[in-house]
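One chain, chain A, appears in both complexes that follow, with chain B as partner in the first and chain C in the second.
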Partner chain A sequence: MRIILIGLAVAAVASGVSAIIPPYTGFLTAQLAVIVIAVASLNLLGNVAGMLSLASAAFMGLGGYGVLIFLTIYGLPLIVSIPLTLIIGFVFGWIMGLIAVRLSGISLAIVTFGFVQVFQVFVKQGGAFSGDGYGLILPPVEILGIGPLTPRIISLTCVFTAAMVLVFTLALTRSRIGRAWFAIKENPIAAEMQGVNLLSMRAKAFATSGAMASLAGILQAFLLGITNPSLYTVDASISHLSMMVVGGSSGSVAGSVLGPVVLYFLPEFFHLGSYREILYGGALLLTLALAPQGLAGASKYLGRYLVSTSRNWMRR
Partner chain B sequence: MTNLIGALALGSVYSLIAIGVVLVYRTTGLINFAQGELVAIGAYAYIFACSWSGSPIITLGVAIIAGAAAGGIFFVVVHMLLRGREELRLVVGTIALLTLVQGGARLLATDRPYRAPTWLFPDRTITFAGAVLPLNSLVIITVLGVAVIALFLWFSTTIAGKAMSAVAEDPLRSALAGIPVRTMLLLSWTGAGALAAIAGVLISPITGVFPVMGAQLFLAAVVAAVIGGLDSVFGALIGGLIVGLIQTYAVIWVGGDLRDVVVFGLLLAFLLVRPSGLFGSGRLRRV
Partner chain C sequence: MAMLTLTDISLSFGGVKALSNMNLAIEPGTLHGLVGPNGAGKTTAMNVISGLVRPNTGRMAFKGEAFRPKPHKLASQGLSRTFQASAIIESLDALQNVMFGGYSSTRSGILSCSLRMPGAVKEERAIRARAEEVLEQVGYRGSKEARTADLSTWQRRQVEIARALMPNPQLLLLDEPAAGLTAGEIETLKILMLNLRDQGKGRNSILLIEHNVPLVFTLCDTVTAMASGRDLAHGTPGEVRGHPEVINSYLGEGTRRKVRTIAKIEVPLTEKPVVLALDKVSAGYGATTVLHGITMQVRLGETVALFGPNGAGKSTLLNTIIGQRPTISGTVHYQGKRIDHLSVQKIVRSGIGIVPQGRAVLERQSVEDNLLVSSTGLRLSKREWRERLDEIFAQFQSLAHRRKSLGASLSGGERQMLAIAKVLVRRPSVLLLDEPSIGLAPTIVDEVQRLVADLAAKGLTVIIGEQSVDWVLPVATRAYAIAAGQVVAEGSPSALSNADTLADRYLGRQPSSHCGQ
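Here is the complex of A and B:
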């Protein structure tokens, strides 16, 4: 309960701040929020449940294309389209989870890699559902009673949702399910001996992560106003993976925010876009070599070190 | 007949890449996600060499040296820089290498494909038994044959080849027997790099040379390795040819862009139903 209240307060403050900063920074912040959700979904899968996935881009694509297909082709209202899309992400995640149970970590990485390639085929060759390969455009939408969706409202929603998603993952990792996931990651056989159902737990982890990534995709589609195949390539998945590893492991919420801030927000803010891949790859290698726990782990260590040294210094 | 030769040529390129995947997997238990980038490095080295030399031996040699050197650097990164990390983190390390090579290629070259001249013979066709055959495809198939025979002889007759097989079987006991395990690991990575570079030289006249060229080939090659059983060089050879045939005939019968879907279906089918592949021993690791 306390977590949720704190989360609400943080979310309100964050949305408030993003409402008063200049438009471009506001847009970047909203993009950052979308990426934070995607990275949090990978974090849940990788660092909590111990599965390496490269499919985050495809799940985001399911969200983006799903919601725009429901809105434009079937003409459904917003209130219906979003939950339906989330369910689709959840179901696809569940299926991927059932496959994952039978595979080792490396094979799963290959399968998720292939899934993104297959998704690319569908968004390029999906006929009317994919806008003949050019992608879909967001129609003018109205929310009940508030009026048309303006960029500012969408940006606010992105930041608020990201904060709520982080609270949700924090609560989830501390629940019974979260502890079961940690147990599976540390030692699957011991976890099974304790009565953890491996099959259902892995499927649940993938399904939750799939729904979260779809949510990120939905928000991204609203934020950009379009979807197109180039948004959902393996490169996007790799960028999320880099941010997850650089941000930090052990499923901490701080990692899901630190990674995107360092690898997305700062480079964009300082216009280093053309060096993006070098930055991702280099940061990834450095993190793996020097700070396996990522920035979150390193800062925790640094914090402890500073506290203890300052205490010693005070005593002297 | 023309289609068949084309399919086998495409399959041969996959086989060359897949054999590299298998060499690395056998000795280290890792799938090198940057194997496709070794192909791109070989292709870039090849067109660079073509700009100042016309000799097919020199241009191929430069590509092989570049690929092998890149493989060696990958070895240093994965086995020395990241030594002692858990397996999945090493895989993430190869993904980092993939990103670095692609990003580097984008910075140094352009996204637009470079045209590459055909290796050995200029682009032409020969007529054999009433069928028109592109000479280049026949060259590709021959090169695969030569490479596989050379590998077979190396594994079965030389001490180093046998030592490498021993390391693949059991690194700890090989070390006790006095085999320099690390050198053997280095050899398998450089070998994988050299094979990928040859594949790059052979495929670049057909696809052009561009930063993400390897990523497109990688999925098919890794599926070929899975079909072959991941730890069998012969299996990777057959697997590559199978993938080449299926892709080509899928394009002819079902239509253009479903070929990645067909390959993905094959991957899932083999991993779920027969994880040890056609020729894999199935005893190495759970896949």
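Here is the complex of A and C:
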């Protein structure tokens, strides 16, 4: 339980900080939070359970379109729409997982890519459900009589949710399920011998990751106020994937934050504009060449190095 | 009633009979040894018991009931196993690895685990307590939060055994638990296995697969000897040891150590030129220095043995010569040219070849393709390549039959031969062998020994890093004893190994020969 309390505290501080910063920075931070959740979902699937997926954009789209369809077309209240959408993300993830369990590496990536393409067809040809291909618009929403959702509240919610998602992911990777996922990634046979059902455990990883990415999609829809087919192309998936790689391969929570901060937040914050792409490629290449463990691995190494050198220095 | 029985189990992989009418009966409360030469089918038998492969014919029974093992149900059925190759999960620390062993006794779902609900927390606490208890039981002294990469071979083994003990198995299957351990560690392992058997109070059994045959015979209550996929003999160690068929097939006490084709060296070696010279070489991994100022000279045509216990720095030394490990200080000269700053590729192309400890065989490539990969950069014509292949297969008869077989289907002995062949196909002038005898049956070790003698006779310079001194003695012309990253003695192999105190202190040999412990 302690980890949850610490998480709540961190989330509260993070939201507090994002409440006092200028609106644009607040918006950027909220976008960052959304991306962090998406990258964390890939990180859990890829670096923890060992499965490569290009479907994060489609699952985000599922979240964004799902929640807006429930709100606008079915007129369901917010409190029902969000859990329903998350369940849809989970179920689609599970199905994806069942298709994917027998595949690995590049064939798995291609199957997940196929899912993104199918989703693109839906958002362009889905009739009323897809806003006739132009996307859906967020209706005015009241939360439990408190009042209308303001951009500030949405931004705060994004940051708070991202922090909580990270805490829950951390708790999950340090649990029996996380251990089983790491074991499946490294040595499926040994994992099976300890009683892990490979099929269901892989499906669970996909489902969890799917629900997480859908959550990111829901938040993004609220943040932007719209959904649009161009938000959920494979380009988005690939950028999430590169953030995951730059973040680190150890499956650590820090990696899910560091990757998006370096590849999304810093370029936007400093208005790097078209230099962004260069930074993107450069950061990817540099990480792979200099720190194959990613930024999280490098900072861990740096920390250990600093501790040991300072210890040696003190001894002298 | 036997705890586990295998009756007439047969299994073939693509035409190769791995098991044919194999029988095995393990009584409750016993430590049961399974011995046999490489390729006898020991690991296959264990894979059948653990459900990784399904036999073509035959029956199995566990605790009197028909037994159709499924890998992921095994732990809850009361069986648990370790693996020949390390199956440690590198992403998890030592304690987490052991805790993973308790997976089958826990039920918490994703939601409960990520929200740390009371049920999950309770389970986690129980698992942690059990893991700490089991680590205590196996005598683990290292840090519980240690990254597995920082653990020694013995500590990794302890963690793996502890993990297998987590579900409290009635039958524990241990696949080569003593491989790569020092004599002292093996003694500790022995006591651990006996304790585990005794703590089972006559109900729990252990099945032990081991190449260290003396270990099995001194330790086990009952032994089954296997050869070519079937059981040759069952009984007490005494009975099995005395069984003529077993002696023939495996131990070969009478035949072993007869072949001593040592090269006759006409020119005194001191007049031959120095091929490889190391001067005060220090090297290591990251922050830790493993080699401290090693100085040695190897002359053309010599067979030099590097003796020393686990962790003495033998592998590091060989890897430093080949350029795999950068030097911190000192120089390495090969044929008069300095090579310590060169890349592995350049050093290999200049004529030094290494057979690494792990037997770098490509599992998904055929024997021929394995050799082809190793010929990269030689720019051979088709005809020249065929000639080289013929030359290799003439030397390695056992591989010639299996040209098209995949690396994964080779037995341990065949793999070692292929690993050596992969280096020889480049016609190196210096051959580095890193622990070539690890995990090999005595007959195969004899084969390796003969091969080394042949190569030396043809004028190849050989450097062997080896823990088990016995087989190297007759073929080596000179030896270095290495301990804690330093050369502690140099001389003729027999002189080095006869120095009892040295052997005791550094070579980790069994004390049985000279002191009444």
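The rule is short, and it goes like this: the second predicted complex is superposed on the first by the 311 of 316 C-alpha atoms of A that agree within 3 Å, B and C clash if a C-alpha of one lies under 4 Å from a C-alpha of the other, contacts with A are read in each partner's own complex, and residues count from 1 in each chain.
Keep in mind that, in the parts below, contacts are C-beta pairs under 8 Å (C-beta built on N, C-alpha and C of every residue); 3 or more make two chains touch, one makes a residue touch a chain.
It should be emphasised that the depicted structure is a prediction, and the values quoted were computed from it without experimental measurement.
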Return fit or clash for chain B versus chain C, each positioned on chain A through the superposition. clash
With both complexes overlaid on chain A, does A:77 touch chain B (first), chain C (second), both or neither? neither
Pick one for A:198: touches chain B only (first), chain C only (second), both, or neither. second
Is A:281 touching anything from chain B or chain C once the two structures are fitted on A? First, second, both or neither. first
Quick one: classify A:289 as touching chain B (first), chain C (second), both or neither. first
Considering only touches as defined above, state whether A:110 meets chain B (first), chain C (second), both or neither. first
Per the contact definition in the header, classify A:124: touching chain B only (first), chain C only (second), both, or neither. first
What is the contact status of A:187 with respect to chain B (first) and chain C (second): first, second, both, or neither? second
Can you tell which stretch of chain C bumps into chain B once we superpose, 313-321, 367-375, 475-483 or 493-501? 367-375
Contact set on chain C toward chain A in their complex: 50, 52, 71-76, 80-81, 83, 87, 89-92, 96, 99-104, 106, 108-110, 113-116, 120-121, 123-124, 127, 163, 167, 287
Enumerate the contact residues on chain A facing chain B in the complex. 52, 54, 99, 102-107, 109-111, 113-115, 117-118, 120-121, 124-125, 234-235, 238, 241-242, 245, 274-282, 284-285, 288-289, 292
So in the complex, which bits of chain B are touching chain A? 30-31, 33, 77, 81-82, 85, 87-89, 91-93, 95-100, 102-104, 106-107, 215, 219, 222-223, 226, 257-258, 260-261, 263-264, 267-268, 271-272, 275, 285-287
Residue ranges of chain A touching chain C (in the complex, touch as defined): 1, 3-4, 168-169, 171-172, 174-180, 182-183, 185-187, 189-190, 192-198, 204, 208, 250-251, 308
